[in-house]
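Look for subunit A in each of the two complexes below; its partner is subunit B in the first and subunit C in the second.
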Partner chain A sequence: MKNSDNRLLARAAPNRPHVLAMTCRAATVRERLLSVISEQVHKLSIAMAICAAGFSLSAQGLPITSDRLLHADREPGNWLMYSNTYNSWRYSRLAQVDTSNVGRLKLKWLFQMRTQEKVETTPLVVDGIMYVTRPDNDIIALDAETGRTLWTYEYRNPRRLYPCCGRVNRGVAILGNRLFMNTLDMHVVAVDARSGREVWRTKMFDYTAAGGYAATGAPLVVKDKVIVGMAGAEHGVRGFLDAYDAATGKLAWRFNTIPKQGDPNYSWSGDSGERGGASTWNTGSYDPELNTLYWGTGNPWPDTNGDVRLGDDLYSCSVIALDPDTGKLKWHYQFTPHDVHDWDSTQVPVLVDAQFRGRPRKLLVWPNRNGFFYVLDRQSGEFLTAKAFVRQTWAKGFDDRGRPELIPGNEPTTEGNIDVWPGVDGGANWMAHSYSPLTGWLYTFAREERRVYSKTEYHPPTTEETVAGFRARPVFAPEESFGKVIALEPGTGEIKWEHRVLTPPWSGVMATAGNLVFGGTLEGNVFALDARSGKQLWRFLGNGPVFAGPISFLSNGKQYVSLAVGDVLMTFSLNAE
Partner chain B sequence: MVMVFRKLGLLGVTLGLWLDPLGAQDHSNVIRNPFPTADDVAAGARSFRSQCAACHGLDASGASGPSLTTGNFRHGNSDEALYGIITKGVPGTPMVGFKLDGREVWQLISFLRSANVSKGAGQAKGNPGNGAQLFQANGCAQCHTAGKPGGFAGPDLSDIGSRRSLAQLETALLDPSAEVDPDYWSLRGRTKTGQAIEGLRMNEDTDSFQILESSGHLRSVWKTDLANYEIVRTSPMPSFKSKLKQSEVEDLVAYLASLRVESGNEVPR
Partner chain C sequence: MRRLSPFLQIGYFALAAAAAVFAQEVPVGVVVERSAATVEKNPFDTPQDAELGRKTFITGGGCSYCHANDGTGGRGANLTLGEYRFGGSDAQLFDTIRNGIPGSDMPPTRGPDQEIWRLVAFVKHLGSQGLDEKAPGDPVAGKTVYDTKGGCGACHAINQQGGIIGPDLTRVGRRRSLKHLEESIVNPSADLPLNYRAVRIVTAHGDTITGIRLNEDDISIQMRDTSGNLRAFLKDNVKEIRRDQPSLMPAYGSVLSRKEIENLVAYLSSLRGTL
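Up next is the complex of A and B:
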């Protein structure tokens, strides 16, 4: 998919509800659905076929070809991958719900997960069927119209697992008739999207190695490969990014995010890189034109004690640009050299073609956990600019190559340093950003807060006694800790507006062609903001913490918005006038 | 440490049983903390700030994790039990096992023993019996519960002696606004239709407040319906600085310090 194409399409689809409502289904699909699914879906597909009337923009139903993934933007009624499209805009081209009618958005159905865990999942939607993961590693196919379960795939994890931060999962990827999920015990599974039956299962790595490995992110399918990351940088693991053959489950390539000793980019004292972290626990992005995969890497280990790993600690806290066919590194950029603040750079990379200093460029834009918004050239990896989007105390600026100039006094101390901004959970974290081609702005949910930064003693990693993190909660005045949805100009990092919320958030945001930005708070508010002004136009009290990102899709020709609030997946649609 | 616990033992048989790790053991193989000196307490305080403060608060009085200053630990009060909790964690809770060397663990325990606020209760100068009468005479129960049902505008004081030191109790009487728990902040404002709104802030989110009005009504208010509002972080409680003699303040402090959980009734936070 070319980004320029995407933008043209977006412009060609202004705020007229009917056009995209007509993104309906071909008769062949109807037949397939009829043969597989319930009467409810039967009715739905008939309605869809009626409304279709020749308006089909693309092939429909299963299988999902790699070509359909390339052009996922042409199927606005579906949500075909974690970030919706390969450029990771997480932008819905649906515009039935817009700034004029969003006040009529009402709860349509709930799906109750009944879990104590955080629900961080982004569902996929394929022509009226939703695929959603539930902690630990279950996949559930739902009727997207009603929320009724079609099938459940239960993956049996061992009782003892080693995720740093909850037995979470962020979703599946799809190709052909198969869904792909990575598991907390470091497997990748392929599951038939029709039956919910397992097709293959591949072990990625020994999950009990070092202090414990886990895999929590949503995979990304590129061509015929399933790209899968891993977690464990709090446990002294050695990071990698894997590609598996979607057909067979065989490992196609592995990129080690810490180079071998002797490599010119091995920048770790002694053998500290062997357990240096640099995990890959969130989902990356893909530029088909440049045939380049972009993926963020996690913190170096031990998190807050840099004395035992002197050097820049490459490729921790970096973006790596890889050839998706071979896993070969094209370039890298390190946001935080020798990080001691747990500022993972595992944010989702957003690919935008925009003006930079008067000239159109292929940009990679990145609100980082360290509090800076970065603009890179995604072809060359060149650092273009960076600007703080939250309060930060650690860098006074950047040199021409994008190396931060440090301000002393920000290092963790044995007594605990409480004067460092942003805090350990960062100005941004893993939560999804969204880019709207209508406004030309990037939306992100930023965190303003500080924490206690303590330097702990070094212990070799082992799962026998997995070392406690220093997970902290705010112990400061409430006015010092809050969240804000911000609209950023991608070429400059200039903040166009901000919408404040009470508590530092964990929710992703989604911009839509209805000029809305959706998201949720840790206190349980679900909101829609005017994408141009930031004004809140709609609210709903879901009364549970939001740890996921919203999606939008069509069911029965009608636009729906879904978001997990607490352990309940909530789906909204417009009430009749 | 041993001296401290012996003194505590004098407070009462029941109390002594759960404050004194020696008394709390029901077998003879008692493990004694080998690092009980003032230097060890100071070292433990440093470790605490580094390892524990993120969840238990900088002064151990609790944050997301429970307060550790009450002298009563939910999962075991003996030094031996504390050693196990610190090194092995508490299954089913965010409390994980910490990989520390033995000395550091013992020093942490020494610090926790020193942070026990209720052990100071025995040093209260005043007469708790007089204090109880003053509590009634001054109308404290209009806003506070202390053992038997009372008012709800102020904190429940039924176990306040386990959670506040003598100095903190005195400050609360003389300067009530010096430290107000965010749970007791109040909302004061006016709706767009001109109605005054005031009440204890029971809950808040980005869009709304839930309040308890002095009439006892619980209600929810959308922020967008308010023309203006402020969150009042001072205490509505009057200062007793000029109302009570110093000896009466001491009696009241002694009474409050005597309000503690009984053995087996854990402080829930």
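Up next is the complex of A and C:
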């Protein structure tokens, strides 16, 4: 790249018509190319690389308009939101690294976070600057070429917090010149992306209420609003999803994931819904054509004791489809009615337009924690089909409306039910799936394991430390459990291939236009698989647990892949031949 | 790395032992694992502890290098007002001293917990003196200087209005003494935070970019240019890095009158923001 010695990383107000023209032209080329995909993969890869280099030259920088977010796929050199694009494909259109050369992928730089917490963050990248969160809510701007720090924003949390599962954070969202982050003590902050200075701070909720609230997910910006979820369904909270005005930080709407008593959808015995959980702790997706926001909800509380909350416990373990302007519910579908296995449905919703029984449909596809892969019509919410993608012992099948037909004997017992599949961590969990338009398949990193399910006594929610949470998680021997990356056909749930790994994973996956699928194992093996066959083509020994999802971006026209391994953000690129 | 001779090693450890507490050498932008106070209330808060804390503050801890022996600040915050950005409870002060403030010049501090607690005791003593100075100048006239003749808002921001090339001044009145405010106007290079130091980069193509240095190693340098853009350069592509003067800010001693400086100091001192 010609101007590599003079990299303009961020531009306050780009006003360069020729750059925009180039962007449009490149986009048109890309769209045309995408229509001749299947037999010309290699040719396409080259074209994509050229196209991608063009985008990098444009160096649009800040601000990120809502239009740029809508068309994030036209900026393959950047990573503008948690799942890369609103349809949550987590698919990189970069193809410099492909099946033929991935063997030359080498570690380029590290960013050492120096934390004992799990690093679950997905960095964003805007024209050469990476914005990454550290556990406990620091935001750090890095030079994406070298991993060197540009600025650090420190958010000082109280020392005592109430996250169920670690002081974690999964990343920021961006709009205009601002980054948005939710915090473990239930605030939302806006930070100037150029200076790292705080612009506004809004309290979402009292984090010490009930048994303790927290917010760990990455926000999603839709139009002029910042959509933010919350956690705490292990602590008797009452779930909600919030939207804040990006300019002012004022609450625009709140959707309560448990309806008020008296609402036709209030399906809880007595007042148990008041502390029924149904949190919203991961990131959702957005369909601009349907103007619909999709978000998954968490388990009902108490997790493994359903006796005190008889009924379906709506809208726990569901997907809710909302109008993003008002927060009004359009439809919902409950994957696990009256859940007693902690099978949160907080997976990232993936929006795919594909054939279903010979007819093109707007689909919502969902590998769920309960072990089934679901296909819904995302316009109507209609249940289309579901198929197990891991071993499961709890459902015979589904009726026409998608209600599971239960197999008896799977309930938690006071002495511990030891043969329920999948286990409490699920067949899928929060880890990112990825969809490749090249293969037309969805990739997910599944968990094959069971767990002991013990029925807990009921105690009212409290932040006092006297109440023991359910924490008994025996570790099974390798022959009793494993992980697998699988390629699923979105219309049927048919598994096209699987790649086994030793241990049930916590890593997301990312498919790329180089026909690769990246991910990492709990032991720290970072890998690239052939997206068509599942064959492993490259690996790296990172030697730390992977709890995050990979991303890809351009710096100086060159493709990079980043993934947090242990507490180190590792960034890879191709060695010169 | 060159190995120290045995003699020097002994000398080094003797020195380290003498300085029970010392600020860690942490380059800009490197984060450290945090540790937190295990109790809320300072278990070492007698006057004797505060006195031991004072000694550490001035000698072994290196605190006074930025905060001044009397705590009135300089490069570091004025500690005599008893107001702290990250909270003034015993445990909060402990955490700030122990972990430092990432992204600022304030480094983490090593040493046993009891030494940190004694520093907390001394810092609280500094803050309990009620030394909120009254500036003699006129803050209203000072605001006019800030907005017009000084042109300060081109580089500095107050309540998010202004530039980002200089430090944010929204609450500078809580953070800096009158003496330091005046010195910063008259001689800005005297006591400058590390991540506001001026740098001028001449690229291999002959372009010159001026700004403040944000980070640097032997391979690359990162900066904010005078327009506020974040920029980074590989040193292989740089012809020259010039550090002609520490601060980009002009010395206003010759630009503003004595009275104008006094008024400007009064205005800056009145900027208390929110904590």
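In this section, the second predicted complex is superposed on the first by the 507 of 577 C-alpha atoms of A that agree within 3 Å, B and C clash if a C-alpha of one lies under 4 Å from a C-alpha of the other, contacts with A are read in each partner's own complex, and residues count from 1 in each chain.
Simple rule for what comes next: contacts are C-beta pairs under 8 Å (C-beta built on N, C-alpha and C of every residue); 3 or more make two chains touch, one makes a residue touch a chain.
Keep in mind that what you see is a predicted model, and the values were worked out from it rather than measured.
Given the touch rule stated above, what does A:195 touch, subunit B (first), subunit C (second), both, or neither?
second
Once the two complexes are aligned on chain A, which partner has more residues of subunit A within touching range, subunit B or subunit C?
C
One more residue to check, A:154. First (subunit B), second (subunit C), both or neither?
A:154 contacts subunit C only, not subunit B.
Using the superposition on chain A described above, determine whether A:145 touches subunit B (first), subunit C (second), both, or neither.
It touches subunit C, and subunit B stays clear.
Applying the document's definition of touch, where does A:576 land relative to subunit B and subunit C: first, second, both, or neither?
neither
Which partner chains sit in contact with A:128 here, subunit B, subunit C, both or neither? Use first/second/both/neither.
Only subunit C is touched by A:128; subunit B is not.
Touching A:113, do we find subunit B (first), subunit C (second), both, or neither?
second
Quick one: is A:136 in contact with subunit B, with subunit C, with both, or with neither? Answer first, second, both or neither.
second
Can you tell me which positions in subunit A touch subunit C when the two form their complex?
Spelled out, the residues of subunit A in touch with subunit C are 3-12, 61, 112-116, 128-129, 134, 136, 138, 140-141, 143, 145-146, 148-154, 156, 159, 192, 194-197, 199.
Applying the document's contact rule, which stretches of subunit C touch subunit A when the two form their complex?
Touch list, subunit C to subunit A: 28-34, 36-37, 86-87, 91-92, 95, 101-103, 157, 160, 164, 168, 203-205, 207, 209, 214-217, 219-220, 222, 224, 227-234, 236-238.
Residue numbers of subunit A touching subunit B in their complex, please.
Those in contact with subunit B are residues 414-416, 451-452, 454-456, 459, 465-468, 470-473, 475, 478, 500-503, 521, 523-525, 527, 539, 541.
Taking the complex as given, what residues does subunit B use to touch subunit A?
Touching subunit A: residues 46, 49-51, 53-55, 57-58, 63-64, 87, 89, 94, 96-99, 182, 204-208 of subunit B.
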